[in-house]
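Lettered A, B, C and D in written order, each chain numbered from 1.
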Amino acid sequence: MPPLDVPALVLRNTHLSPDYNVLHLEAPAIAAASQPGQFVMIRTAAGTDPLLRRPFSVFEVLRDAAGSPSGISVLSKRIGPGTARLYDAAAGDRLLVLGPLGKPFSLVSPPAEAWMVAGGVGLAPFATLTEALRSTGAPARLFYGGRTRADLFYLDWFASRGVTLDLATEDGSLGAHGRVTAPLDDALRARAASLPVTLYACGPEPMLKAVAGLARTYGRSSQLSTERIMGCGLGGCYSCVVRVREAGGAPHFVRSCLNGPVFNGDDLVWE
Amino acid sequence: MDLSVRIGSLVLKSPLMSASGCFGYGLEYADIVDLSSLGAVVVKGLFLKEREGHPPPRIVETPSGMLNAIGLQGIGVHRFVREKMPELRRLGAVVIVNVCGSSIDEYAEVTRILSDCEGVAAIELNISCPNIKEGGIQFGCNLASTGEVVAAVRRATALPLIPKLTPNVTSVPSFARAAEENGADAVSLVNTFLAMVIDPETRRPAISNGMGGLSGPAIRPIAVRMVYECAKQVRIPVIGMGGISSARDVLEFMIAGATAVQVGTANFVDPFIWPRLQAGIEDYMTRHGVARVADLVGTVDF
Amino acid sequence: MDLSVRIGSLVLKSPLMSASGCFGYGLEYADIVDLSSLGAVVVKGLFLKEREGHPPPRIVETPSGMLNAIGLQGIGVHRFVREKMPELRRLGAVVIVNVCGSSIDEYAEVTRILSDCEGVAAIELNISCPNIKEGGIQFGCNLASTGEVVAAVRRATALPLIPKLTPNVTSVPSFARAAEENGADAVSLVNTFLAMVIDPETRRPAISNGMGGLSGPAIRPIAVRMVYECAKQVRIPVIGMGGISSARDVLEFMIAGATAVQVGTANFVDPFIWPRLQAGIEDYMTRHGVARVADLVGTVDF
Amino acid sequence: MPPLDVPALVLRNTHLSPDYNVLHLEAPAIAAASQPGQFVMIRTAAGTDPLLRRPFSVFEVLRDAAGSPSGISVLSKRIGPGTARLYDAAAGDRLLVLGPLGKPFSLVSPPAEAWMVAGGVGLAPFATLTEALRSTGAPARLFYGGRTRADLFYLDWFASRGVTLDLATEDGSLGAHGRVTAPLDDALRARAASLPVTLYACGPEPMLKAVAGLARTYGRSSQLSTERIMGCGLGGCYSCVVRVREAGGAPHFVRSCLNGPVFNGDDLVWE
């Protein structure tokens, strides 16, 4: 389906912390078309400040009483003017939402397991992925790291959907002390090579790089959701490139809004 | 209501064009924009060969604008002709190709290849990219070189030839005149303003190339002034751009002297802008009793 | 923490100055801003005689900026010395006067009068006002004339001499060099960008003068680039301005190469900005372990 | 008192019509210092769009239960991006309000009468003037014109404070049919020359010009509140000039934010 641009009604804005919020947006057609890992471009203000749209993963697909897709939510972390406006949005406001955009995750089926690795707001694409994996039946596990316990959200949500949680905080206030890639490393080491696993990761670039390294070390496939500064989200501006090496070819830049944001970890070339 | 405008021998059904580098090769937008409804699709700058462009970060937002240094990543003219043109033709797009070169020979060579390609309607000569050393700015900031490269490319093609001028000079009209005297059919302006953003926290430029080109609404008043000045000094059509984001802005440029306009940054913000721009122009023409949009060109009362 | 900076023989207690034309004669702000806390108060451009300026409308807002063509309305140097300087002295303001002229003689004459006036700390030579024919732009857009006027005024005064450069040229650094070679103690940049807004409904320019000068955050990335380029090419200090609205912006200009900065349009939006700018600079210096603000100048890693 | 800049809480936003609204702003110190005819400069948005502040007359001085000034209201007509933001402001928002600014009206005392002439949103300065006139005891009369009856507001407010109302609408839906200067002309003609009257006017420039003309014709003094585009409101930018002829001198431009917005009608030179 070609992407749509809809003036989505803000249904609800839930503040999870002083930085994090979840915006519920009315957008049935975008919701119906979205696949796990895809994103939307949101215009955070009318006028020219901020000027460009901001990219956000589709966090949840909202459903009406009859179970039909009625909208999406986005999980946003406030880091600058655009996310500040989303943090301050009020029910009843309207925001232009363009999507769904980009290449989604590929799903795995049993006996393969899906191990999701989330750093901070990198949790965003994994709610829809979890829902989709339930339909394939692939067991899901979430490695989820943050600065401190107050930065880890939706734990019950994932647990109640049968996702095994492996948590890590940099201050040790919840789960393992340190980076989330440490428990991931342990778990990969512990898993028999004969049992298939696919890694799904979203988070800061150093984390993605570490996950790609672990995947290579343990011979696992990985799907990494990259976050580049995006001017358009549609392939028009060439701002969002990542370097990839495709079968046999030399490394070259491809647009992460069109060819990604999800890439095979083996293809990505880190500078 | 007549929205058609004439650029050299080319009659366009509307004055609205995509700006080069802001609309990919056009096909990226084919499923949301009716490419045949635009006056022309101006595609991304092409060299003879493929180019990687600059490493990211390539853009940074600025007040009411953006800075970019993409570095003219592109697939080169041969792949463009082979891979993109057939579909662009099929979709009925009027295609204008933005031609880059590191030498006069390269400009001429790329232009020759495109002139042999069915469906290429005109050549926009990019002598004004501020972001790469060989991006033409060495031609576009020097009057004699501008004349030379325009003359050379003129000999290489019968297609309408549209040198694209840089705003980073004292007198844009002298460059417009140099283009006209050397056989250009029109000029387009403005390309981006050379600019810089430094992050004080890191003390490093915000984009990898250090400097980049400023575009978007921020630059509009300067671009309008330059279009006004050039339109007064040349007889060939001026294609105006720089921050156009609404029908009001299109009309401002046309009244200042632009025969047609291009829309760049605003297409990033709002890819569904095209029918709205057209509707806004038509609404204005109705309200003001203007039968032909071409009648508005250069009508500023000043 | 040492916020002092040096401009020629002048040691300023802070790098923050008001931009000419954006702070009246300083006294308008005396009851809300401690004038003695600023590095300097740069007052409105002065000719020898009083001037009426252009009829209104004189300004129009643009995306993240504003266009103005005030036309240098002013009370003339004699009334300034008589009516404004005593109070400015009493308030402890370090006063820099922006000097205008329609001829080299007028520049020199105004400068001589000011040099005899106690409390005038430096001369900013306005050879870059885009808004009036005799506003100096005929000097500021020509290298030879820039050299000539700077040299003439140099002979007329022992005060620090700061030509203010226009951004409306291909190479600002060549003008900075011309100023340096002819005895300038510093250069300040940028003055406003020549620009135009047309109201499509009336087809007339939005301000009475037709064209005006663009200022404000919109131009900041271009101004930073020009300051960076000039600072690399001259040994005298560069005073940077153009869209500065926050401590972050002050730091960006200083890291790009500015020894001091001026704040214009932002003072309109927020006349209480001055202590906040200073606090923001101090906060940055604390966080980054910078003891003297002068150590930041030109430290961009590029 | 030097002007203050306060982040004023929006207490209430009352929509009077699809264009007109009244914003109640918490700003005790500005309220306490304001005099009739003064104005404030409001920053209608954080960020740079719109960039400059917008000037508004102080409409009412709000008072707390004890009668102390607690804030001000502004009467705003939506005509562009700045006033649109004020129209959309919500209780709980904060707006930077700089003031009070400018020269106020001079008050008259009995037996002189104060005749106020308001065109459209030019009503704004006359609520505070009415309050002040009550303290001098000068009889007040309001000539108030608008496009149509739905554009005339606060009629009861003025009537209940003893102000005689003379209304006019361009479509004749309320009061005299046509411009408000017609009933004013009639009333001036009817008034004996020996009975003093001062005209106070605020509205579109053609109306001000007409009022100045009538004042001259009938030998009355007039105080006109001008509306020029203002960049700063403090005398810094010289954008807001009007041409005046002061005793004996040649016409010259003065800043309406400092020397006005209220001018003696005889001094103003119309282009």
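Annotations for the structure displayed:
Following the convention adopted for this analysis, contacts are C-beta pairs under 8 Å (C-beta built on N, C-alpha and C of every residue); 3 or more make two chains touch, one makes a residue touch a chain.
Remember, it's a predicted structure, so these values are computed and weren't measured experimentally.
Between chain A and chain C, the least number of touching-chain steps is 1. Comparing chain pairs C-D and B-D, the larger number of C-beta contacts belongs to C-D.
Averaging C-alpha coordinates per chain and comparing to chain C, the farthest chain turns out to be A.
Averaged C-alpha coordinates put the centre of chain B at 34 Å from the centre of chain C. One inter-chain figure worth recording: chain B and chain D are separated by 48 Å, centre to centre, where each centre is the mean of the chain's CA atoms. Counting partner chains per residue, chain C has residues 63-65, 216-218 touching two or more of them. Contacts with at least two other chains are made by residues 48-49 of chain D. If you draw each protein chain as a dot and join the dots that touch, every dot ends up joined to every other dot.
Per the touch definition, chain D reaches chain A in the complex via residues 45, 47-49, 81, 90. Within the complex formed with chain C, the residues of chain D that make contact are 2-3, 5, 43, 48-53, 96, 98, 228-229, 231-232, 234-243, 252-253, 258, 271.
Within the complex, the chain C residues that touch chain B are 62-65, 67, 141, 168-170, 193-200, 202-205, 210-211, 214, 216-222, 224-225, 228, 243, 248, 251-252, 255-256, 284, 299-302. Interface residues of chain B facing chain D in the complex, by the touch rule stated above, are 63-64.
By the touch criterion given at the top, residues 21-24, 28-29, 31-32, 44, 52-53, 55-61, 63-66, 68, 70, 73, 216-218, 245, 265, 267-272 of chain B touch chain A in their complex.
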